[in-house]
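A short worksheet on the structure shown next.
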Amino acid sequence: MRLSNKKVLAFVEEDFEDLELWYPVLRLQEDGAEVTLVAKESKTYTGKYGVPADVDVTLSEVDPSDYDALLVPGGWAPDKLRRYPEVIDITRHFDEKKKVIGQICHAGWVLISADILQGVKVTSTPGIKDDMTNAGAEWVDEAVIEDGHIISSRRPPDLPPYVKAISDKLAD
Amino acid sequence: MRLSNKKVLAFVEEDFEDLELWYPVLRLQEDGAEVTLVAKESKTYTGKYGVPADVDVTLSEVDPSDYDALLVPGGWAPDKLRRYPEVIDITRHFDEKKKVIGQICHAGWVLISADILQGVKVTSTPGIKDDMTNAGAEWVDEAVIEDGHIISSRRPPDLPPYVKAISDKLAD
Amino acid sequence: MRLSNKKVLAFVEEDFEDLELWYPVLRLQEDGAEVTLVAKESKTYTGKYGVPADVDVTLSEVDPSDYDALLVPGGWAPDKLRRYPEVIDITRHFDEKKKVIGQICHAGWVLISADILQGVKVTSTPGIKDDMTNAGAEWVDEAVIEDGHIISSRRPPDLPPYVKAISDKLAD
Amino acid sequence: MRLSNKKVLAFVEEDFEDLELWYPVLRLQEDGAEVTLVAKESKTYTGKYGVPADVDVTLSEVDPSDYDALLVPGGWAPDKLRRYPEVIDITRHFDEKKKVIGQICHAGWVLISADILQGVKVTSTPGIKDDMTNAGAEWVDEAVIEDGHIISSRRPPDLPPYVKAISDKLAD
Amino acid sequence: MRLSNKKVLAFVEEDFEDLELWYPVLRLQEDGAEVTLVAKESKTYTGKYGVPADVDVTLSEVDPSDYDALLVPGGWAPDKLRRYPEVIDITRHFDEKKKVIGQICHAGWVLISADILQGVKVTSTPGIKDDMTNAGAEWVDEAVIEDGHIISSRRPPDLPPYVKAISDKLAD
Amino acid sequence: MRLSNKKVLAFVEEDFEDLELWYPVLRLQEDGAEVTLVAKESKTYTGKYGVPADVDVTLSEVDPSDYDALLVPGGWAPDKLRRYPEVIDITRHFDEKKKVIGQICHAGWVLISADILQGVKVTSTPGIKDDMTNAGAEWVDEAVIEDGHIISSRRPPDLPPYVKAISDKLAD
């Protein structure tokens, strides 16, 4: 499998968008990647609709240099995630190392707070378009945007091409 | 009552923060103001915790020039409100006429999308501090900030001084 | 602030009416009062609609002689509160000392069980009108009734004049 | 079956106590009675825990003279039921005709508002003991109390002897 | 009471059908039986609609030879129950000793996994008719079927004759 | 894309397992397939955890000969689906034509009622192992089993290899 030596980290918080967390996790596992769920606490979090997610490691324990890509789900989870210094530090690590960062829907709030969107071409839910633009990003309304190592998408129906783009990039 | 000739408009959407909508509405009624709830549809909306709110008028029917102040509640409602052109137009009307605008918690997203925060001193939930700053606002961590006609606050425990500031301003 | 040296006690139980607990608490804080939430257990209680309330002190720890006023919220909470001997004792303390007691909606059940309504003019939700009358009260259908130190009200839309009456009485 | 020629009417409202409605209904059906659910509207009501109940007839359509017994469930339903003039009229009809009335838990609120408890020996949830006593009833703490045609009980675990007493009385 | 020397065991798991558990329990108590709720864990389980059930004894502690009859409720509980070896062993004990087994709705899944339906005439929810037939049972669409010690029924409205059949059998 | 000329049908009913419906749908869309959701009614169904699914076509309108593969999700949906004659007919159509049928978790109940498992090697949630075996299937405990055109799987963590097997088969 083309991602069998790849390790992927996915942020989790309460009220994550259920499919935006789980579709990428399962899809990258299909390609052989090892996906680790990381959150503030070691417990079971619950998605916006109710799907559960058990955490593998906490924000304070994880070493981002062990991973090849970072996934940020949407829902209301990013509103909480962006407030944790560890989330900001981890996100910046992936940005500085030019490792793949996947963001979808409201996930952009995390990248805004990590201040890594200056001059980056992105998409997102239209709801945060203004926040993305104000953070220096160039916002377009397309299913998937890939600008260097940052891959972004709008909403659940865009998941198929979004995760394909992430997998292709990781397999390069 | 000192606000007995004043009319106040309050935005409503699903998942409004229950107390952030209702405390200002009831408190300004105590001072004699007539408060009107306006939303996309004419129906009963439900707060983030479950408190209901019946709408008085729809966004397409309301004439903002009839009102003296605008209230924007927090919760997840602002994420939806900011997407409606009528919400943007109404918000800008109050800003242009220098009529009182009260915003609390996540309400700032609406003012960001209305693009009226350039150079304005504000506060908000820390969760959207970066979005506020990127929109040109000067963000401070205080219970209530009054900068001209824009009065802002952080969260439910700040409601008492927040609404007092709104009432005082309206009574001027 | 006119209530800055006043201390207010508010009863809490599961399924309190959310606004009937929180509006008076926040409104009296605006006037400078220190408000303490008291309940059977030291935990987070949840309102009828879902708004949370953290308890400050338990029924067995609190000393009612430290407080100037007592607030009893409505919802289904009074059905439980009236069964606790401490609630009865505390309520009678405020009555005997002629300290302000605010009751709204179904809160009257607590005053009925404390047996302090004989000859008192009150209002309440129409649902418990017969229980109030049978307990010796004179029931009228008005937004707020003040009879000596006992101030009563019917339902959430009456909160503005209800809490104003409480604040005025406390400020005397 | 000993109740095969008997017709029983049961009041329904939102938040009825699930077992206090359904156990008597099913149990009397076992003895051959025909049980009819009557409520304000013709729809599916939901119990306090969530069990549904489809209504057979509305309060305005039903003719109480067609029935041999009346069942009043507990939960929060009685708080609503007691406010309907039709509920009061129907309850008084059964009382005047000395036809069996079964009440359990909070159901007593309905009988209080129908003003038919003067001098009657009853039981109920301890929560409304004071309301029952103030309405002129003699309250005792036993699983089932039968005083003439009025049979009362305290709570779900008392259902077996409660409904047996109702069935025995109806079979007389 | 005709069942006053009888002991009955009832299986409990999450999402039991609320009335299918509680009606038989309460009804057999009326006839004097002592009913014990047994489950995997010693805790409060919640029915499909929300009615709670406190467990008396765990599957690993209970001795089936102490009991005269076994009750299996429907809902989704049987889907879990059938997976526990203790449930299979207990069910087989009642079958081997020809002690009464009552099953209703989806409860048949437990008897299928205990492999005790070969040649037995039964009914159930039509939803599992094929599973019952494939397990060797003769399936008929009637309110109650009694074949030796195995008594089966279809759904909640059949509870009255179902439990009467169980009680009659136990009283023999 | 290798499935760009393929059409896939997916059964929907209330309480479908959220990921077991959505992961295959989105994953096959990635490979270019057109996926159609079919259900009894034309409405929004809700998964066991709460994820919504809008239906594209109803059971009475759909023509199975237009499709190349059938997906049956788990959760409690199969308990309802197996009762509809149209579901049985559609399932048998895919079986007779040797077109791909994907089933996961509790989905096997549908194939049991369609009576197409005689001699077929399958897997499923262990909860329905006995039903599968009684229906003539050979049951094994593996993540994915492919026997001719019938591909089966156990539970959500098996989704990656399960859907890969379906896609590979369809692409043949």
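We call the chains A, B, C, D, E and F, going by the order they appear; numbering starts again at 1 in every chain.
Simple rule for what comes next: contacts are C-beta pairs under 8 Å (C-beta built on N, C-alpha and C of every residue); 3 or more make two chains touch, one makes a residue touch a chain.
Since this is a predicted model, take the numbers as computed values, not measurements.
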Chain D and chain B - chains in contact with each: C
Chain pair with more C-beta contacts, E-F versus A-F: A-F
Farthest chain relative to chain E (centres taken as mean CA coordinates): B
Centre-to-centre distance between chain F and chain A (centres being mean Cα positions), rounded to whole Å: 30
Averaged-CA centre spacing for the pair chain E and chain C, given as whole angstrom: 48
Chain C and chain D: spacing of chain centres that average the CA atoms, whole Å: 31
Ring of chains, enumerated from chain C in the sense that reaches chain D first: C, D, E, F, A, B
List of chain B residues in touch with chain C within their complex: 18-19, 22-23, 26-27, 29-30, 47, 49-52, 156, 159-161, 163-164
List of chain F residues in touch with chain E within their complex: 76, 79-80, 82-83, 106, 109, 112-113, 115, 126-128, 130-131, 134-136
